[in-house]
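Structures incoming, each one as structure tokens.
There are two complexes below, and they share chain A, which is joined by chain B in the first and by chain C in the second.
The block that comes next holds the complex of A and B.
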């Protein structure tokens, strides 16, 4: 029975996601897309935090890189949505290589502070380069053109249509992160988390592999940013703000740092809770803080850790160990 | 057989005013088990740290198989075949023993950067990691997390990680510290056997004189950053200078 629990759960969630796209109200579809986009952001981010053990406070810069990359490509080059998304991811990757080059030389608090500093630099660039980025207005009028395949074209204008593009990218990201976690690189990154002094004596270039994790997670942030731009039809400089950088950190913490599915649960809770709390009070941060406190103190392995404990699974593999330290 | 693996020229290091390496000239030849001994503070650890790349010498040069490696980063030295183990357990605590070994194996096979291929498919790496595990006698514990192993087993794992990088020259920093007699015999036998196979040359820093004399072909004695004796077991045993350092002034007859 337990052996089938995980595939069954995955199948049910997938079915629910597809049904949401077909039958969900505009609002539900919109929320679901936001959950998936934040999910992509956090999944990639958790490769860096949960797997490699590096705490970055600047990943909003790469999200914004994806967002502005896609928007600028749309406004100045080509309106094809897939090309826009590709351009966004490419810009995020370039940014991650440049910023990562400087940051991965340092660890712990120095690393975190450097990423924060670079993130704020990107924010102020977006804010001040009005001619290119639109300043505080951001870039507007990013329409969702149909995806033309020559013989046919897939419309994306309605949220219910765009939903499935987001779903496809969400599933692709899920698959890619899963594969990376099971790969040799995934093991090396876990080794860096476990003992970054010893890893070099195992013949691993610490800097290069840290950079790899940084750039990969930056790429996922860029994908999330590009999808977010197409969802909202605009960009805002606040997507690069450090408060936005905190989102994947919180989401990973809520969901479970050492787990694959943790960031997904975290994203769901984050977006839905915020939506609910905001209906009743302006101070959603206060209530959210309390809930976060309960989760962190109550379930050290996050939501995913708690669920796998419920299912009675004990550390299936040490690399992707469930539960674990916060 | 007398192939020079590692050579140092006028290697110097000082911490503040304390000279811990005073123009050291040393050569290590393939196949010769060398022990480095000396009282506390003699500069043994500093020497190994410099040779393995953990700290930079103030001046002097290090050559490994004819190549200058003085400023080379650690991981490049490891890939060339210069490796070390640590005095205190220094493993990947939450990973399984198998994964601990697999990391250096993947690194030397040049497969560590593969990100789209499942780890399970790396059969060569798996076989090699299992071979190392059985060599250090940990095959039965391959799926245990490193932290769950006994202290002695963690020490064995420590040496296993160093061996997994296929070193040509391997520094063992007090390999038998904290081991019980059974484990000690096991590790000494492994070292002898591996040395006889001829792929790896061992250089050992050790306090335990039984270990030193049972294992070494050559002994280097350090004192205050100087080499005060360098020779065979017999030469060292008979050296009055060594006695003086180890036993103090009482030897003055």
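The block that comes next holds the complex of A and C.
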């Protein structure tokens, strides 16, 4: 029975996602899109944090790279949505290669500080280069043009239509991250997290593999940024701010580090809980902070860890390196 | 062209403006130092990078404001009592939460302190409202002082004097007192300190509370300076404090002091001469130091 549980569950969730797109109200569809976009961001990010064991506090820079890349491409070059998204991801990847090249020289707290510095550099440029980026107003008026395929065109204007594009990218990302995790690359990354000395002795370049993880996660952040820009039809410089960089970290942690599905649970909780809490009170951060405290103090496996414990499976170890600090 | 100022007139103008920009930079730097000192002390001993330190700064400012408004606008009373109240918060955080995550990996420690940022930012909004609060004037220091023909706020001069005083007091405390020596010993070798009978957990709590007090003191002193108190004020200063702590070398108080001077001057000169890139310069300096001298300007090489 358990053999079929996971595929069945996946099928049910997929069916639910499709039905949400067809029958969901405007609001539900919008929320579902935000969950999926944050899911893409966190899923890619967790390749770096959960898989490789590197804590970045600058991934908002790549999200913003995707967002501004798509927006600038739309405003100055071409309005085709797929091309805009490609341009956004490309800019994010370029940024990730440049920034990652420097950042992977360090690990632990120095890595976190270095990514924070580079992320805030990108923020300061978005904030101050008014002529290009629109400064604190951001870029506005990014519309969702139909996707033209030559013989037909798919409209995206309505949220219910755009939903399916986001869903396609979400499923593609899900598949890609799954493949990467199972690939030799993914296994080496896990090896780096568990014991980087051994991996180095095996003749593997730590820097190159760390950079690979960094760039891949940056690319997913860029995809999330580009999709988010098309969803909201504008960009904001705060998408590059360090407080936004904290989001995928929180989401991964709530969902469960070192699990594949953790970031997805985390995104769902993060977006949906926020909507629910904000219905009753303005103080969603307060409640979120308390949830975070509870998870760190008591449930370090996150939601995914708690669920697999309920199902009677072995809990994934909550902490990357044994004993935490050297 | 006869109406424009001659070269001879312009030169002293330039000098004046540079002196004033320097003074402004020094006062900004001393603020960052007050916050960074606590952050550095906590990192140096507990090895935890405390995101909530900006929150202590914010709480210090709000509590100082709240107390002084109830005590007949007596700023000095607020400055003494406000940070002390924040110390209680710091004590509770260390004793009941942080203590349990020292053995965990970096993300758990950082996010635990981040959780308190979220909680207290909103708590401040609930108690004092989401808007900005005005700030009081300080008797005797509300005026300005003429320097080279231009007025400079007396309060900023006061801050420039307080910064080095705090630095001196901390140096004397850490180098010259029994307690300071124990703190330094535990910082360099926790196990050995515990083996010779130091109650390390209690010592950690005391260091955390002392660091909290320094951050909150910075906040209290900021009340007349920043003009407005806002719930997000801690998130801005904590990044400056991180930059300073990194430039000086994580854990080095001397480094944090000079790092704060550098960042203060850089930001005031940057704002004056290249406003587009002043923030960028700060972070490029931070990244540069991390890449080429990760131990910082004053940290010891590994």
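Simple rule for what comes next: the second predicted complex is superposed on the first by the 314 of 326 C-alpha atoms of A that agree within 3 Å, B and C clash if a C-alpha of one lies under 4 Å from a C-alpha of the other, contacts with A are read in each partner's own complex, and residues count from 1 in each chain.
The rule is short, and it goes like this: a contact is a pair of C-beta atoms (placed from the backbone, for glycine too) under 8 Å apart; a residue touches a chain by one contact, two chains touch by 3 or more.
In this text the structure is predicted, and so the values were computed from the model without any measurement.
Overlay on chain A: chain B and chain C fit together in the combined arrangement.
Residue contacts after overlaying the shared chain place A:179 against chain B, while chain C stays out of touching range.
Contacts of A:83 after superposition: neither chain B nor chain C is touched.
Touch criterion met: A:110 reaches chain C, while chain B stays clear of it. When the two complexes are overlaid on their common chain A, residue A:5 makes contact with neither chain B nor chain C.
Residue contacts after overlaying the shared chain place A:187 against chain B, while chain C stays out of touching range. Greater residue coverage of chain A by touch, when chain B is weighed against chain C, goes to C.
By the touch criterion defined above, A:202 reaches chain B but does not reach chain C.
Residue contacts after overlaying the shared chain place A:250 against chain C, while chain B stays out of touching range.
Applying the stated contact rule after C-alpha superposition, one finds that A:285 touches chain C and leaves chain B untouched. Angle at chain A (Cα centre) between the Cα centres of chain B and chain C in the superposed arrangement: 80°, in steps of 10.
The overlay of the two complexes leaves chain B and chain C separated by a minimum Cα distance of 13 Å. According to the touch criterion, the shared surface of chain A, contacted by chain B in one complex and chain C in the other, consists of residues 319, 321, 324.
Residue ranges of chain A in contact with chain C, taken from their complex: 49, 53, 55, 102, 105-106, 108-110, 112-114, 116-118, 120-121, 123-125, 127-129, 242-243, 246, 249-250, 253, 257, 282-286, 288-290, 292-293, 296-297, 300, 319-321, 323-325.
Against chain A, in their complex, chain C makes its touches with residues 47, 49, 97, 100-108, 110-112, 114-119, 121-123, 125-126, 130, 235, 239, 242-243, 246, 250, 275-277, 279-280, 283-284, 286-287, 290-291, 294. Listing the residues of chain B that touch chain A in their complex gives 52, 73-76, 78-79, 83-84, 86, 90-96, 99, 102-104, 106-108, 111-120, 122, 125, 145, 161-162, 164-165.
Here chain A touches chain B in the complex through residues 179-180, 182-188, 190-191, 194-195, 197-206, 209, 212, 216, 315, 317-319, 321, 324, going by the rule given at the top.
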